[in-house]
Amino acid sequence: MKERVAIIGIGYTQLRPISPEVSFREMIYEAALKAYNDAGIEPKDVDTFVAISEDYYEGTAIFDEYVPDQLGAVLKPVHTITQDGITALAACCMQIKTGIFKIAVLEGHSKASNILYPSHIDAFALDPILVRPLGFNPVFLAGLEMQRFLIETGNTEYHTSLVVLKNKRNALKNPIAAYPANLSIEDVLSSNPVSFPLKELDISKKADGAFVIILAKESIAKKLVDKPVYIEGIGWLQETPNIEKRDLVNAIYLQGAANMAYKEAGIKNPLEIDFAEIDDTFSYKELQHIEALGIARPGESGIMLEEGYFDPEGAIPINISGGSLGCGNLHDANSLRGIVEAVLQLRNEAGERQIENAEIGLVASWRGIPTASGGVVILSNRE
Amino acid sequence: MQKVAILGAGLTKFSRRAKETGKELAFYAAKMALEEAGLEIDDIDAVVCVSAPDAFDGVHMKGEYLSDGCGASKKPFMRSYVGGGSGVFGIINGWYHVASGTFNTCLVVAEEKMSSSMPHPQGIFNAIYDQFLERPLGVNLLWIFSLEMQRYMAVHKIPLELIALVAVKNKKNAIDHPCAQEGIPGNYTVEEILNSEIMCWPVTRLMVSPVTDGAAAVVLASYDFAKKFGKENIWIEGVGWCLDTSYWTNRDLYYPRYVEYAARMAYEMAGIKDPRKEIHVVEPYDPFAYKELHHLEGLLLADKGEAPRLLEKGFWDRDTLNGIPSSPSGGLLGVGNPIAAAGLMKVIEIYWQLKGKAGKRQVKREIRRGLAQAWGDLMQVGTVVILGK
Amino acid sequence: MEFKGTPLKDKDIKEKKVFYVDWHVKANYAWDCGIALSYFFEGLKNGKIYGRSCPKCKRITLPPRMFCELCFHPTDKWVLLKDTGRINTFSVSYLNWDASRREKPQVPAVIEIDGASEGMGILHLIAHPEKIEWENLDEVLKYIKVGTKVKAVWKDEKEREGKITDIKYFIPIKEEK
Amino acid sequence: MIEKIDKFDKIKILKGEKVGWHRYTYGNGEEIFFKNLIDKKFFASKCKNCDKLFIPTRIYCEDCFEEINEFVEIKELPYIYSYTFLFKDLEDNDLKEPEIVVFLKWENVEGGLIHRLKETSIDEVEIGIKVEPVFKEKREGNINDILYFRIKK
């Protein structure tokens, strides 16, 4: 059997709506320090570093410049991936699988609070000729998609509201979450309209925070830590950047990414998974993504949710951490938050949120508006 | 580790302002690379895109935006980013896609449409500096280069004339490059280079590469896949990259140690003990004239401070028989500088040289192995690729 | 080999021979300065330059940082530095940030500040010791070379805002014997 | 870190912006669409490989990755594929009137257009109904040459 890649250390900060008393360097340093401590290694033991960032989220051109210091990565192989955490995780895994590198570090963070006009930045990602000149707030795209998705699948606003309820309630048990709450369906349905049928509470709110994850090849991992968590399969996919090309119903990017990850992990039936952390930037996205992953058949995610299938005590708990709706939206670092939750669950260290006998976890990501790209990673604690 | 081959390469014309959108430039380059490789898009397992700051093209998350032009729709797609070093890093990124055994083929596309940024593309470089300590001073890109150049010259006591020779050599080499940007190549004298208007002393206009739109692409394949396409393949023998601290004002800029570290990594992988004997042709990154010399030293192909003296002796000339031809393509100073695409253009030049397909630019000496290098960020990152027959 | 691409001339744009559209992005930020730089900026407001020392490698770092990027260890003390230093390297710039030309040059420099460890420079501007503005390249080169001693010129106390620009510029000074 | 900020008045924030603006040429593909839009015509590109039509015009087929040289007029009217009522402007403030944003598609054509719908009440909007464009008097070749779409009565 081929040698797997394992996660041997995680470090993270509190997630908060603002973080004015630390710079991005200082915030990331805290997460890095914790990760090295968790893995019991020092930066000098690391062979390669990957960080995720997008220039316009940071307000800097070439943010890559500002990556190495706080990771202890000066004069080491370091590069950024301007994509979500799972794609960057794949970059780390591939580097390790070349055999040249033994230990890799992955960093992702959000200083979303520093962006004064976030919708202007999102709009700047729209096609500059076809869409952007219309001057719409880019959230319209989530409205269009939610509308078509609900109509085609038969899921309803009641179901999307249940997603909000579940995730914010799960977040009550997550000490790092920024937006925990105990809400009623009525609270969600009556929240302010943003882009019908999308309402204020359907949208995850931004948060600041940093994550650092340390990876090693299996043989090294076993020597270094007691509870390595293995990456069994990983997939990532670009569907299309062109809005006009999409059907707004199926998350094809996630179907493709999942197929790639399932194949590598040898998973024949998605229901083999014990729990999942799935992108829920918008409430309907969780349902759309559950269906894309094959955890529910098309149109059945809402009913399964209603029946408690995805609750923490259900058959496949989804977003036990609270997801982005409960923890806060960290842009491309969302999936790192998901990976950290999966690692905690698989190490049996999730405290109040711990689910029993968890062996296989799945994390699925989406890059947010206006993209159609995402990734899937399958993690396990099986030797 | 899987051996990785280059099966095909593509380039667009370089120009100050292209009519094409960034996506279209990417498509032209990618399609050309596929055609040379004799492959269809369905043969490609994964796509890598490299491009410098989003602020040039003027699209946030520009990797996403460019992806369909790169042939990435419904494929695993990754954009890696190390500033100006991205062009050569694209190959490294693609290399680990294949070398890891994850994919059989990978299409690497580099694109830059700098002309979108107004009033002048240089303006966006303001934002590469530290927002707390440096941007408030009204910085521009040329500051950092002229500061580094000054330090390099001061430490080694290098006369400006020797540095101007780089521009003379590269602009002349570029006359033979079919993609070169209009008005950039030419036969210049050292005096003409030195007497062009001062931008940021000691940097004069003709010692700076221009602002350019363009794209480049390369098809990579695993050993098993490539061997079906004949024996005369060009292989990636070594790769290396390294990032130095962001506190650039704390470093002695006279020497690019990050390039040295990256080069040592690549030499080790390629099993190279004596690079001066084992590297036969080199494409060092030359956005500014002194940079080529600076990088040749970092690559350990010349002693510190010696690259300019070797230049004077013709050691780096294209026609040299006992030296190492440097920037036979004409480099960024001659062909143009669509940042990431320029880096990949350098790799492609080495590939064409090794294949014997460089036409009028073909070097005279016998070559079996070549090296391309790029640099980026705040005088900070080195990326190195070694190709061999 | 056929290479594609359609180079345009300035007049193709001016005469609208090709279609284009313009956009002004509103990319505004409020960056958190954090622990190290908040303290540093407060110091500048009071006319003082602070560095920060690393207990492991003993460097006194500038710009100050809360952790040493080389030792990966917390830095431990604030160290008051002098407002003088030496030019590590400099340039004479005829360009503004947007590449438009200046009539009279600006002189950016990396300045190694006295009291910090060797090589600890910051970026700032050098002005003419009397006239402030430089006339031309030759004049700059008469006053300045790598290694020249310089001293900070501060804004009036009332005008300082806790920013790097509280130091207006540095000026060359005579060597102390 | 052994020292942290523990007083509100010690916190410093620095404001700044990324300067400059952008100019986008339409390229070889979309220019054809907008040239014809000036004449109130909708054009699609046709891939010779897969025969698919695509709006707006492109010079390559995203699926086949083949170059496209054929462009044809689409004379039928588009229909509403999806719609939303948008309540926020680009600065996330409430719009005075919610805007009806529609995703339009043409029968048997791939792709589509994002635009706005007017001259209609929110109750009338429905997926599947045909709409027609209302053009600006003076058209210069951009997406706002279409003022809006309205429901075809």
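General observations
For clarity, chains are labelled A, B, C and D in written order, and residue numbers in each chain start from 1.
In the analysis below, a contact is a pair of C-beta atoms (placed from the backbone, for glycine too) under 8 Å apart; a residue touches a chain by one contact, two chains touch by 3 or more.
A quick note: this is a predicted structure, and the numbers were derived from the prediction, not measured.
Farthest chain from subunit C (centres taken as the mean of C-alpha atoms): D.
With centres set at the average Cα position, the gap from subunit A to subunit C is 38 Å. Remark: subunit B and subunit C have CA centroids separated by 28 Å (rounded to whole angstrom).
The set of subunit D residues that touch two or more partner chains comprises 1, 4-5, 10-11, 13-16, 18-26, 28, 30, 62, 90-91, 142. Within subunit A, residues 20-22, 26, 29, 56, 59, 61, 68-69, 74, 116-117, 120-121, 124, 128-129, 133, 240, 242, 245 each touch two or more of the remaining chains.
Within subunit B, the positions touching two or more other chains are listed as 17-21, 55, 58, 68, 73, 118-119, 123-124, 126-127, 131-132, 136, 245, 247. Under the stated contact rule, the graph of chain-to-chain touches is complete, every pair of chains being in contact.
Subunit D makes touch with subunit B in their complex at residues 14, 16, 18-30, 59-60, 62-65, 67.
The residues of subunit B lying in touch with subunit C in their complex are 11-20, 25, 28, 32, 58, 118-123, 126, 129, 131-134, 136-140, 142-143, 146-151, 154, 178-179, 181-182, 197-203, 213-214, 245, 247, 249-253. Residue ranges of subunit D in contact with subunit C, taken from their complex: 1-5, 10-26, 28, 30-31, 34-35, 90-91, 141-142.
Within the complex, the subunit A residues that touch subunit D are 20-22, 26, 29-30, 56, 59, 61, 116-120, 123, 128-131, 133-137, 139-140, 143-148, 151, 192-198, 240, 242-245, 248.
Against subunit C, in their complex, subunit A makes its touches with residues 19-27, 29, 33, 36, 42-43, 56, 59, 68-70, 72, 74, 111, 113-117, 120-121, 124, 128-129, 132-133.
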